[in-house]
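For clarity, chains are labelled A, B, C and D in written order, and residue numbers in each chain start from 1.
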């Protein structure tokens, strides 16, 4: 029930905000997000951490049962962690906007709450259509936030964001629907009694999808990645992100970096990995390669940016590359690291966006040519900036390190020669993948220190119109003091505390994630590498809809029996992916 | 005979209403004249209720009849609300200023009765069990609309729209009439049941095939499918917004019902069950529909992207929606007794209802606003500038526009998504993956312009200069409100509608179709049968 | 590979902690006392308290006293730990840090475990003793040295200082490689923060960035080494790794490296890259000289005594892994020797005394690496130990000069400082330090350097290294005493540096070089050489006390050499730890095959120095070399010197051709790196940025424009003309039918 | 396709009708349809264009009657009656429309009406 409340409470408060006068919007937003956070804490308490891999706090109602939909929610530890991140960032986004947003407050806070509800819904849903509904619905609030409250080029950015991600996810939907169809009718063809009834239940579809032949899984992988890769964003479909980040208001960037990008990675974890084990095993090197290109390419582009926000935005491309590399490692260390990365990136990059927003509020510029040496004017800000930069760089002791290290180690372990060593897990990645991705660590240090060196350290540079005597120079900061005010510190502190806590005491989190991750890894190893694929053979010749199988639509029984005599051909893909 | 009449009770009610309205509309008393709308709506409402509780039809899709009638009548109610005030505004004003009432100068009676006639025609399409009937019903649907378009505004644009619509419509009618003639020639019967059984027994001959092709092409004029779509934008733009809403729904529904009935004559070739009959959909027809579907959605969308008039955008988008629905038509009803998700016909029927609602909502926002023209007369708005900041200024109209356009875009969790989803599922279930992908990409292209509606209304500040006024007809806003509420609520509580559409999409045979003309034994024979139990389907097949 | 994993399996499952299984004599691991955790915790506490002081805007020396106090207690605990240890090994687990477990495909339970645990053996104690001890002393020194910054950067300085000691403690005491990595990067961060302490100075910021990035390059190697170690051994904990390498030692000593898995042999090569970065070895040494932008106490502690020896520690700690690798130790030896030589040549040509010290540090680190490479981990550790004291003392002396002369470090602008009032302590400390560094007989530096030199000649195939090191020793003596003769003796002369305003509350960096254009306060006009009013201020009690203590310690360190028979006290410490060499295998059995570099133990005396036993003659040889160096320095820089700026050496410069110019320009390594790596990379980045904007995003935009373009293209068909519509309809139908017809012919 | 059509056509009517077969009637019908269509596509005058559509309607009517006779089945003829009725209705509407348009533009040229396009 908590989960439903977590979705409904922000929605209810959004409606309340819409109905009440604008002056009250802030207040309701604070109450709404805090209430949601409170419910979230309660949910954390009610969650049985002894069995973190099972779906808990579940609830389900019929929803257009004719179509097989259910309003079904439930969380395992992975979902719950990400929900917790969402709920944490909720109040922070509200608090950080008090002075930045001066007009259309109702629109702003209302949509912010709707966004939170939608994001929570993504992580909580146990029904693919519910997932997709929330996944897509996040676009609208974000679109509004960017195009109303962004900076100069906001309309184009918002439109690009919407259209780009929408386009990709429609294809994802097609893939998911294909699985649902397979589950509903095609299981017969591989010797499993199919229910004949359509369902979009994730657990049911997971089992069905795993039973698909490898080449079908390959197509589905492509379809699903269309949506998820854009959302993540994976090179080369990342270009909406820098634009959207640069134009979005601070809270928008925080949510975008903190949670929205994680919808893609979460989708990969929840759908791609366990649903399509054979394809994942086969294509993991390609995904990993793309992620590594993203790491290096994104990082190098960061290095020549002059807009601080754009730099951090591109850094997300690089960082999420690590995250995907961890997922593509397909072993416990890598995937656990990847999930930790989702959380950690949300904290540290979210905080960086907050910090950039705070400077922007004061000086109305984000150009490194116009800002420099702020440490002497804003020491508290500078301290936080350096701190979160270091968290982002992956400094050990802070949160970023654990996840980055584990992602890289996961990739390293997955070397094809190392399956038999005690610490190796086998796979198609390995030394070179880890080495080249590891160059990203160096590049990350290069661009982030370049940014800190320009903005925080060095001689003081302020944009024209700001003398360096602080806020007495004509009140150009509005209501804000030269350095951070208590509210801003209050916004940053929880993130800083969590960065340290997750950096020094990650074990409880790791242990909570571990069973869920192990389930996925075991699924991949058990079903993706399954050599006894005779059961999948018939399906190969009997799958309508595949471009190659248009002519086998009227396959007769004779055809099936011929095909089943040569099982290895069909499972060649799976074998080559898994038998290294 | 009396059974047939019982089937026609809703149409008869609407017809009677038409008669009453024709008389009442000529009353010298303004209040009485004004009751035309209310009367029409009431008549339609009663018809809808009777249709819901009425008997199933006697054609190939018995369930289709009550469902479509009810949908047409109910959305007809909304359309009637929407058209309130379209005609006779100046005449009424003149009379209320003390002028003498002149029955010859009032158009209300004709206007409402034409609307009701057209609706009757569309309802009759659903009852059709015969080519002649279908032809007459289609003509009854179309002919009044030509007049409606022409008389909907006093400007030359309406007349231009009327002339284009009429002439091209006549051309289309000639084409499908010729098609009907060939179908008759190829089979020797005009009765659907007989035609279907002949085709099932003897296969389809060339004349029948040619007839089917011509009929499909001709009817596709009604649904504005490529290449019969050229008139759409001009006609929709020229007609008054409420009439445009009418055009986008009623002829299209009639067209799709006709297409379903026509295709049911040959059956669909790919139920998911490999041994079922109905494999008689010739590859030519299938390819024809496939190309039409792909082109229709693509061309509709890309043309909509480059438009600057909201009405033209909606017109082209209505072309695109026809393309989407054609996917369901290609997918067909799936196995006998297949679930909703497999049933492309059910998806189309559900989509029609949903599209009707969203369409009413979108046009309600346009119809709810007007400007003073140069001569002081109210003119319709037709620019995006007039929609700017609508949510702030006129929240009801604004949010109706936003929600309905997002729903038309197919954004979950709005009705548009849940009507597109069955098209996806049935498309995939019938193996049309490529078409489904094309459809998905088209949905994304559609986002270009639907997003513009939402953004203009929701996000932009009102433009400087004179703001559009609210049209003085609360019924228009009311229809928008109803559409708004339904578009949101049906996505959560629309199961009954889905169920109904699914029951409506069961293709029944005449009882003589179980002829194993091919290795696949037929299964569509036999009594109607509880379609909800899929397990019963194989048993049925064996029995057949 | 399968054989290897079988062996691994037996180690992991059977032999763990079972002494004698392969003759390995490492003592059993006990659970250490809880208070060991306090050794790193106290500096961290100091850091936090300094942070709190900063938040409370405390404008006193409180942070310094907090730091000194905490570090002092930490040192005391280290001493207690040393007492308690008694040659054993212990692990104290503070809390469990990383713990991931899974079941591999063979059904084995595997886990990645890294605890916040502290592994204590004699090597740990050795390092921690001088780390905490020196840190305490230098913190005391800094309390005075940094006094101008009270209220501005004081808290920041000591917070970073405390954090550094914490990180260093984690590095040294961590019971696994990942915790070592934490300390490794942590000291890098502190180094970054402290080099960039004068953050308004662009050069300081650049130097800090350079240090961090250069270190990161090494860190990548270290990380990969850790990964590989984990993959190979299934653990990152020393207790597993160190035992696991033992079975291959015999094969390694017999030269049978083909019996050792390539992965095992690769591990040390990767680890080594990290060590090269952290310890400023070729090719990653360039950051260290620049790091002198930081305050001098930082240079003394971090960039001379402690942090830069982390690389030596890493190699010593994982010495068993290096021993079983065919190429690892030779590479270490060669890199160390070449670094020693290159840095010494550069040091000879520099004029900034702090930079000279920095290059000497690089050079001495090279010695240590060479020592490790030539199989005398004892010598290396001993050199680390002695170097820590005398180099700290040297740096602090230079720092005192810098502090007193307003940042003046140019040896051409200072002369005879030792004869000025109040500078005697400094001069003595400097002299003792220089003697140590130059390897003057019977100083600590002499003994430690000698051990390395001797072993280099003893170890087969390593004689070239010995010769390089011997040459370096001479050069070292020369440039060390060049500084001493130029600055501390000779005619009294000084020009103050450009920090004459250092006493104002703007801190040191306010008048940095690049900022005049931006500094809105505009002191540019009045910051000139106000030499007339300038009086050098001699160091106060804290500085003097620390210098004196260090001098005593660096002299006293020599005594340690006699506290044991083989390498003295340090030798005992090293032998009791994993860095121990010679290992356990009886070489007699393999002596016939001992053709390889490693196949040899250091009592074997296989190598020779010009036919003599290096162990016996090296005392004299190195002493003589040192003497010669000092004598040359005396002749060139003391004899006949009239002014501060000129010396006899200047006459020699033209004779050497371009070499002095090149050496003064640091062989232009920075420039080469810039040209070969940084510039191209920057260019690539710019190209990428354009590619991203034009190609990748352009493609996306192009796709976005496709519907628009197609729509515009189709628009003319919507001509509005009834006729065209009819024609197009008919034409469209015709085309459609044609398609259908063709397709049905084609049999679709 | 073609051969099949002729097979069907050559079958002739059950009773010869002065030598004319179904094929002849269908030929006439197709020709009428084609003439109507071509006329519609080529002529500019609204009234002529309308007459062309009438021609196409009647072509269908001829086909219907011929088929009706061929099948010896009455519904085709019934169909034609209805077609004629509808055609009459359309004619009435067409004339009204044409008159209305003529009043506006004083012309019956279809090309006059191109205000809306694009």
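Note that a contact is a pair of C-beta atoms (placed from the backbone, for glycine too) under 8 Å apart; a residue touches a chain by one contact, two chains touch by 3 or more.
For clarity, every value in this text was computed on a predicted model and none was experimentally measured.
Chain centres here are means of the Cα atoms, and by that rule the chain farthest away from subunit A is D. Nearest to the overall CA centre, using the mean of each chain's CA atoms, is chain A. Averaging C-alpha coordinates per chain places the centre of subunit B 27 Å away from that of subunit D. Rounded to whole angstrom units, the spacing between the C-alpha centres of subunit C and subunit D is 96. For this pair, subunit A with subunit C, the centres built from the Cα atoms lie 37 Å apart. Subunit A and subunit B have Cα centroids separated by 41 Å.
Counting partner chains per residue, subunit D shows two or more touched chains at residues 37, 40, 110, 113-118.
The set of subunit B residues touching two or more other chains comprises 163-164, 167, 171, 175, 233-234, 448. Within subunit A, contacts with two or more other chains are made by residues 163. Pairs of chains in mutual contact: A-B, A-C, B-C, B-D, C-D. Of all residues in subunit A, those touching subunit C in their complex are 160, 163-164, 236-240, 243, 297, 300-301, 303-305, 331-333, 336, 372-373, 375-376, 386, 390, 395-397, 401-402, 405-406, 408-409, 412-413, 415, 417-426, 431, 434-435, 438-439, 441-442, 445-446, 449-450, 453, 456-461, 467-468, 504-507, 510-511, 514, 518, 521-522, 525.
Interface residues of subunit B, counted against subunit C in their complex, comprise 163-164, 167-168, 171, 175, 213, 217, 226-228, 230-231, 233-234, 283-284, 287-288, 291-292, 298-299, 301-306, 445, 448. Contact residues of subunit C toward subunit B in the complex are 707-708, 710-712, 714-715, 717-718, 720, 722, 724-726, 728-729, 731-733, 735-737, 739-741, 743-744, 748.
Remark: subunit C residues 1-2, 5, 8-9, 12, 95-105, 108, 110, 112, 116, 178, 181-186, 189, 192-193, 196, 199-200, 202, 204-206, 208-209, 212-213, 216-217, 219-220, 223-224, 226-228, 230-235, 263, 512, 514-515, 518-520, 681-682, 684-686, 688-689, 692, 696-697, 700, 704 touch subunit A in the complex.
Taken in their complex, subunit D has these residues touching subunit C: 37, 40-41, 44, 110-111, 113-118.
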